[in-house]
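Below is one structure, written out as structure tokens; comments come after it.
The first chain written gets the first letter, and so on, giving A, B, C and D; residue counts start at 1 in each chain.
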Amino acid sequence: MSERNDLPSNWGRWGADDELGTLNLITDEVRERAAREVRTGRSVSLAVPIQPAPVLSGPFPPRTAEESPVQQMMLYTGSPAIAYADALTVTNHHTLSTHLDALAHIPQDGQVYPGRPANESVTMGGVVHGSTTAFAAGIVTRGILLDFAADGPVPGDRALTAQDLEAAEERFTVHVEPGDALVARFGWVRTRYRGNPMPGMTLDAARWMHERGVSLYAGDLSDAYPPVSSPPAMHGVALPRLGMPLIDAVDADELASVCAELGRYSFLFVAAPPRILGLTGVPVNPVAVF
Amino acid sequence: MSERNDLPSNWGRWGADDELGTLNLITDEVRERAAREVRTGRSVSLAVPIQPAPVLSGPFPPRTAEESPVQQMMLYTGSPAIAYADALTVTNHHTLSTHLDALAHIPQDGQVYPGRPANESVTMGGVVHGSTTAFAAGIVTRGILLDFAADGPVPGDRALTAQDLEAAEERFTVHVEPGDALVARFGWVRTRYRGNPMPGMTLDAARWMHERGVSLYAGDLSDAYPPVSSPPAMHGVALPRLGMPLIDAVDADELASVCAELGRYSFLFVAAPPRILGLTGVPVNPVAVF
Amino acid sequence: MSERNDLPSNWGRWGADDELGTLNLITDEVRERAAREVRTGRSVSLAVPIQPAPVLSGPFPPRTAEESPVQQMMLYTGSPAIAYADALTVTNHHTLSTHLDALAHIPQDGQVYPGRPANESVTMGGVVHGSTTAFAAGIVTRGILLDFAADGPVPGDRALTAQDLEAAEERFTVHVEPGDALVARFGWVRTRYRGNPMPGMTLDAARWMHERGVSLYAGDLSDAYPPVSSPPAMHGVALPRLGMPLIDAVDADELASVCAELGRYSFLFVAAPPRILGLTGVPVNPVAVF
Amino acid sequence: MSERNDLPSNWGRWGADDELGTLNLITDEVRERAAREVRTGRSVSLAVPIQPAPVLSGPFPPRTAEESPVQQMMLYTGSPAIAYADALTVTNHHTLSTHLDALAHIPQDGQVYPGRPANESVTMGGVVHGSTTAFAAGIVTRGILLDFAADGPVPGDRALTAQDLEAAEERFTVHVEPGDALVARFGWVRTRYRGNPMPGMTLDAARWMHERGVSLYAGDLSDAYPPVSSPPAMHGVALPRLGMPLIDAVDADELASVCAELGRYSFLFVAAPPRILGLTGVPVNPVAVF
């Protein structure tokens, strides 16, 4: 219990009914600073492409299928077809899908951010507090890439500390300011989630993000496997206690190339998932504009 | 037939295998110009909020439900729940959902843009040419709002011509340049699609967009109802013949307020739907940054 | 706890790994007796018809929809269509759907029938013990209708006891034998689940079913609302402790008419839902053959 | 055209609005005869078991999955879970699913049985004529197994004629009468639909079924691949022209064993899929009772 009390927290910081969490740190001033990053108009997607699995009923369907977060059903629109249309089944928290976690995705001791009873906030009919509603207007801020994989993937048994984050800042000549979106690259986007050990962030790193005022975390990885703390730093502390939205399964490989090529690791960051309210998470295509 | 030959077309302009259509007009130079629009960091969403319909199985479900483009299923994650997660069923071309039409959404005489056989381009297993794959990197360009509803909704029996578009340019002191995204506001976002007459664009207006080099059209309405031409200007000509992606069901009301307040009708425009390949369309939350 | 010990139970009766529960009572002898009920070949369905809700994406969809346990998507099969096909989204335990509850549907003190840990029996990936797999071969036995609504619907504040069940046996000249399926008619199929009080079975009635060896319960209602016992007799005792499958939302109105017309209340009873393994429940169309 | 005129047809036989097709042949007399087949109460399922594919969102989902006609989503019901529930996505005409084809499943020259315009009978919102509504009361009749695979699977290049059917009748001492359900076993339930040649029925066999008054066809196979006639005998003639419902993907292996053991190839046949109206087809678990 005393350990829990040591964990960083934003519960109460923006009121008992707050739904934005660290997105509160994205002020007009922060956006204006972000805007100044745009100089060339070059843009890069940070999303893993999703190949939907077709729902087929013809005589010779495949017997095995690559698993996908999305199933696609091509719809009948008359014969001959006057248009082509489809419907999808989408799994929001799939590890092969770049998605934005809502604050109520993970409860902590029966509560969700900022300390509301989980059972009242999340119902069988949807999320009533701490949902994707917080992302309705889109997220526009400055992004900073900390490329921990510039010299190769972070080893599976490493967990990054505040010192590692500051070393990266120094190396890439950036400084994380309040309201910034932090993009972390471990170099694991193609090899993660196979059951083997994976690197991640320590509680120490989460504390550093808290102190610096990170508004959003986007990484190809976030928490180490096996866990290096209980609760884990990002999904167990940053999300539910700091109210920091997480983008899971980010592909920052092209971003890293462009940053290296342009010689700068800051950019305008825009994440605007479909404006669907009341979800625990939602697929997103974050875009960096230089 | 001779009439068809008179219709504007980009078939062949960027090659027989092109999938980008008028998005080809968004060059580095265009993006750089778009970037210069960002001065304050203020951002506005152009998407209609979607309240998903819960899929319930409890003892007292509702007997009628507001129709929704999205059904939500809250998922079991263990007991007690270690996380909250959900899965969705999504209808891509629903009139209550702000969505981006892929170029193959509408065929023309058995072909899709840029003249490929529709039956080869669209299959039971998904779209192989002209799909949402074209939007994978996100769309970043300059946006221009033409607010035809500044003095009240456009009447249901009006269809806008090139002259109307130029009058709006003059009134709002903007000039549509090649690569710009054109946002049109008819003032109908809350009242459309009830079966009554609705205003829209004429073929003349589509020709004007072609000549000006509009890269993308985003409107609360697009084609008039009942139709004022065959094929209709936006879904029958701009989309399949010009290869111009359309964003349907845009909510430009807040955008119009901000433009009026700031006294300028151009902005950085970002549309980055989930990076799901092979679809006929996809929900999107377009964001304008000033 | 001493009260719990008083509750009837079949845990252990057919072994620690049993998945059939009271379906074990349907022996060859029972089936043979059931077969003798068939004299005329007249057959009656006991299922409520389900009108699926269409998933539409056309320009003028309805704004509200009758809620349905089933959503239907008409599928594209080529243009022109070479066949018509569809896909469904189905909610298994919907109150507007006649469905068969699997034994693991309701846990009791963290266990499912016959005393196995719920968390091992039911997983995020499906039910591994106590699922619809038990119904794979179909259920064929003798059915007995006890029509408690022959003189009008059972009042909302009534809960039926063993005495009521025996009175019905006497009135309709039937005798429930081991292995029989018990069909109960409260006369509520059109008016249930509106939030108002509803009649149901008492624990005393569940004990009677246990003693008589009922193999399956099928009713338009089962447990009273508000509850008259804790746990409730059918979903809290018969299902998880006796291992008695329940068919919810039965329409026994036509059955009652036919029984009255033929002057007999026993029949061959067949329930054979789609052979989908690992579910918590499944829609079913029970058929009575006279 | 003259060839088409030679095809057997029931269009008009039971009126222009008929939806039952050959199910009209199942009279009270037929059911009574069927009932007489029940002597032992032994019952056998004719359905292929379906293992649903889980929709998972945990950290370590599988990367490939066996394809399945059914996706299962385990639903959240509170924490701790007060019940276990699930929702399904079901593809009706999947080759790995035993399913009942509705009469409007296959059009013929722009019409569906019994000669109604296909475009009016099948809409984007569901089937309004010739749907699963015809199966609402369940199908109860006499079943006859013709086991063409008693000496091993029918070779891939064989197509069965009326003579083959009569030879089987003689061998198994059965005689198909009006209203009977015909169960055909080719011995292919485990090996079909891999792209290689498969046996099936000839037009001659379909004519024989018409003359004999078969009410329903249930087989592990039906039409040969590659096709041996145009239109194919069962899906192109029996279904749309005779109005004969087809059960695809039947598993008759256990049925054949039981028939051989009991020395009789006739039985009570019950097929009662979920009572969902307006579909093109529906999963079913046909049951034979001896």
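Operating definition for what follows: contacts are C-beta pairs under 8 Å (C-beta built on N, C-alpha and C of every residue); 3 or more make two chains touch, one makes a residue touch a chain.
Computed from a predicted model, the values in this text were never measured in an experiment.
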| said: Going by the touch criterion stated earlier, list every chain that contacts chain A and also contacts chain D. | reply: B, C
| request: Look at the interfaces C-D and B-C and say which one is made up of more C-beta pairs in contact. | output: C-D
| request: Just give me the whole-number Å value for how far the CA centre of chain C lies from that of chain D. | output: 26
| request: Let me have the rounded angstrom distance from the C-alpha centre of chain B over to the C-alpha centre of chain D, please. | output: 44
| If you average the CA atoms of chain B and of chain C, how far apart do the two points sit, in angstrom? | 48
| remark: In chain D, the residues touching two or more other chains are 55-58, 74-77, 79, 81, 84-87, 89, 91-93, 107, 118, 122, 124
| said: Under the stated contact criterion, what part of chain D meets chain C in this complex? | reply: 28-35, 38-45, 47-52, 54, 56-58, 70, 72, 74, 81-93, 97-98, 104-107, 118, 122-127, 136-138, 140, 268, 270-287, 289
| field | For the chain A and chain C complex, residues of the former touching the latter | value | 55, 57-58, 73-77, 79-81, 84-85, 87, 89
| Once bound in the complex, which stretches of chain A touch chain D? | 55-57, 59-67, 71, 75-79, 89, 91-96, 107, 118-119, 122, 124, 193, 195, 225
